[in-house]
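Pasting the structures here.
Shared between the two complexes below is subunit A, which has subunit B as its partner in the first and subunit C in the second.
After this line comes the complex of A and B, so read on.
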């Protein structure tokens, strides 16, 4: 089977471990995102795959062939760098052609002297024939004669993509390729990359710290923290069924609400408010865990009548109108939560006003005091 | 002036009160410029003009009168076999020293840049001669190269070779002088190259590696050398200037000998001006030298500048 397999990969710099025993199977043609905050080891892992760092332990197998002992040029992997790393002295055409030029015999690779080498014209024609369709596909045909300094950020990014594509590699590595673009361009380029992945049918390993990018682009997400995998799964799996508190907090915008659950004299208190009839699905999970926390996504609340016995009572602290929806920040006695409401439902609300919200218990997530998911058969059935 | 008055005119329409405050205080500006200009005039411009003037006369140093001889001094120089020899020697010396110092400095910089350990130590060792006084070091070299008592002769004899008379062999003396000058300045060029090398982003080397650049030659030709362009141009210009300035080693060690084999233009100039006191003729040499140097430098800046790429922005 073609694809990328990483087994127990480790990397330490001195005494600091950047990547702890990392294992992952990536299927041929899959789009996998390495996601995490800065310093989580995602870029190190990408550089290990590219061969820009050497493994401290473990192995990396590409298409059934161990590659971790090969130097980068021998791996036939393309990489798009965060800074794009375009050669500033070469034209766009020469930048894109560079990987092909490097496959030629040594005399043909000598700048200047190559014009005297037989076969040069034929090689240049072959290279131009391969550069042209890629430039057309990425709509940078009209820029081929320019130098990178004369390009905008988005254009440079496309040139970097074109340079990666020209060798038709089976594996693309991308290190935060959108982070240097402005917000609007980032949105459209995101779509372009998804489209590109579909057309090339190649394997993509994409690094980002932006959960939105990861959610929208990936087949699977690998969420990392401090060199360790927190969870591997499909985007919606990570969203709906996070393995621990870190995953729950990292995925989702606005962030998940965490409400402390305590038992005072046998009565459950959620964020300081007594819950008269704790939903049965929470009952048996929450009880054994003192100081448990209940995670509820902003959309897991419905606005309710004041005095509703099932509802949490609070006061509106902040209202953010986004047009299509409204985020309402509500101060509860023991926590502050964000509730996502439709613009029409939020119409007429004002800051300082008391508000009741009813949690949708079926999507509630329970975390123990260590931040791990507390699961029960009942909860899983409910989820 | 017209530019300034236009600004005043434009400004007066918009904000008449502020114009008076911001109008260029011409006298004050001129006064600010004066000290620097005076130094430049006294030590560079006036002597240069005086030299040009003297070169058209037969003035000898200290004489009370002189006559204008027009281009006489220049024509004499052109006709003089000695001066032609001096020109040829200067050319030979520079054709050796310029490329040699440039290449040695580049090689040292590349080697040190790629050394993980002890890089600062090597850097210091090669830079040390730059901090010395060449006249003093020339005497040291004289002893190091001495055909009977020198270290080099001792090593050569030990290896079974004949000792070489480095400074008295007319076919070698120019290159010996060139080597001593190179030894003193190569560390300086090396440091300039090192600064250039360290400003090349490592991501370019990584991109080249991923793109399939397999051997060091590819990395050098496609990344290092083009990215080093501005530094290389600067080092080259400095090398040319410094190389044409070689004088002290010749003055101290060979005095142009043996048999005028190390007679170079600057030494001829010194001899004519301060030994034979033929100031007019010396001024003519100085003027020629200045014109050639100016032309060379302008040419380098113009032609090479166009081929050099200056970074992303």
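After this line comes the complex of A and C, so read on.
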């Protein structure tokens, strides 16, 4: 089968395991993001696929061929590094041409000496013919004679992409390629990479710690934590239907609100406020878990009238105007929540003022005290 | 200019005069005729400029041979040193293996040992091998440099791992990565080491004195001393001309590459 298959891949450094039994099937042409906080094993996994690290166990198969015992260049995989890793003493053209040059016969690879080797002119012409269209595609043609030090961050990034593309690999690996760019450039480069993926029709494995990047770029996200997979799925799936508390907290900006749910004398208390009629969708899942937590996204609240029996009461702690919307932080007796409201709805509110918000229970997520998702038939139907 | 600055400059100028005096005197004597050198009155500039001393330095003094020997020996030493210290430093900086701490410790230990300590055993080894009084005797003992290994080790440590990984992904062999990707990044450091090495071995007197007896293999400082003791004992003029000619290459190198030179000399200060 085409694409990349990883079966029970393991990697440990000494006694510490960086990757635990990782399995994943990536379809041909798919854009998969490995997402997670630093130290979660995502970069180690990428380096295992690249061949820069050796597996402690398991296998990696690309296009039906096991590759985990092959040296990196034999795997037909290209990698874009976080620091771009351009060769500082070579021109842009020589940087892009380097992977092709390394496929030539040994005497033709030696700087200086190659001048005297027959066939050099023909090789250089062939290489230039392959570099030119890629440089044109990435709009770096005018930079070919420069050295990396003379380029801006965005330009260096494009050169790194060009160098990865020149061998026409089956698989592209990208290790946080946008993290060294400023915010504005990051947005446009993000779009460029998506566009590139569409045009090349190649498989991309992309590593990032930025959930926004992962959400906007990927076909699928693999969310990792401490060397283990937390959830694999489409971006919106991870957002709406997280497998556990870690996923729920990691995905989404601003972060999901977590409200402790307790039962005092048979009465449900959410964030310290008694809920008179617990919504039926919650009650059968929440009851067996005496210390459950209810997850509600910032947009799962509506501003309500003070005194609304269905609403939570609190005091405004902070108001953040973003222009198109407003984030209101509200202190409840037992928690602090962030509510996303339209600018017009938030108009006239001020810090310190009491505010009532009514949760949209149909999108509530219930987590037990271990942070696992507690599901019920009713909830799953609602999700 | 403030009084303070004036004072500082006067002091520095006095220091410069004291340091430069022997050189100035050497230059002055090298262009004087013999009878003028030994007059009782002190004159800096000659009454009559005489370049014959320089001609004599080349003809009877063999200065040409000394200069050529100096060039052959220092450049051979430097070439061998680069070939040996680059891989050694790379391996010590970027590879993990069990004997590494021991080997690196040995490199550091060698830094602490003055060359005079090992001179006798090395001399005996060369005598045994029948290599005394040859270029090999001048070059081979300095084929590697503990100081160079230590210096480049620090350099290789600063290079990003991504650069090595990128070269590996692109299909470069380890040999190609080391010599054509990583080493070019350390060229300034290697140039500074080169200056240090050339100056040290051009000016070295101790080792050539031990292993060289024939004037055909003499390096510049040794040559001068042989010339002084053999035939030039009283020929102060030609001797000063020879000395001038021997100092000249390093002077010129200094003027051409002043920055690298200062780096190199700073290194030697770091070492000594």
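Worth a mention:
Operating definition for what follows: the second predicted complex is superposed on the first by the 383 of 383 C-alpha atoms of A that agree within 3 Å, B and C clash if a C-alpha of one lies under 4 Å from a C-alpha of the other, contacts with A are read in each partner's own complex, and residues count from 1 in each chain.
The working rule: contacts are C-beta pairs under 8 Å (C-beta built on N, C-alpha and C of every residue); 3 or more make two chains touch, one makes a residue touch a chain.
Note that the structure is a prediction, hence the values are computed from the model and not measured.
On the superposed subunit A, the positions of subunit B and subunit C overlap enough to count as a clash. When both complexes are overlaid on chain A, the residue A:275 reaches neither subunit B nor subunit C. Look at A:102: by the touch rule set out above, it reaches both subunit B and subunit C. Residue contacts after overlaying the shared chain place A:52 against subunit B and subunit C alike. Of the two partner chains placed around the shared chain by superposition, subunit B is the only one that A:148 touches, whereas subunit C remains out of contact. By the touch criterion defined above, A:161 lies against neither subunit B nor subunit C after alignment on the C-alpha atoms of chain A. In the superposed model, A:181 lies in contact with neither subunit B nor subunit C.
When the two complexes are superposed on chain A, the residues of subunit A that touch both subunit B and subunit C are 50, 52, 72-73, 77-79, 81, 83, 85-89, 98-99, 102-103, 109-111, 163. Against subunit A, the residues of subunit B that register as touching in their complex are 201, 203-204, 206-214, 217-218, 221-223, 226-227, 229, 309, 311-313.
Touching subunit C in their complex are the following residues of subunit A: 47, 50, 52, 72-73, 77-79, 81-89, 98-99, 102-103, 109-111, 163. Those residues of subunit C lying in contact with subunit A across their complex are 160, 162-163, 165-172, 176, 180-181, 184-185. The residues of subunit A lying in touch with subunit B in their complex are 50-52, 71-74, 77-79, 81, 83, 85-90, 98-99, 102-103, 106, 109-111, 147-149, 163, 167.
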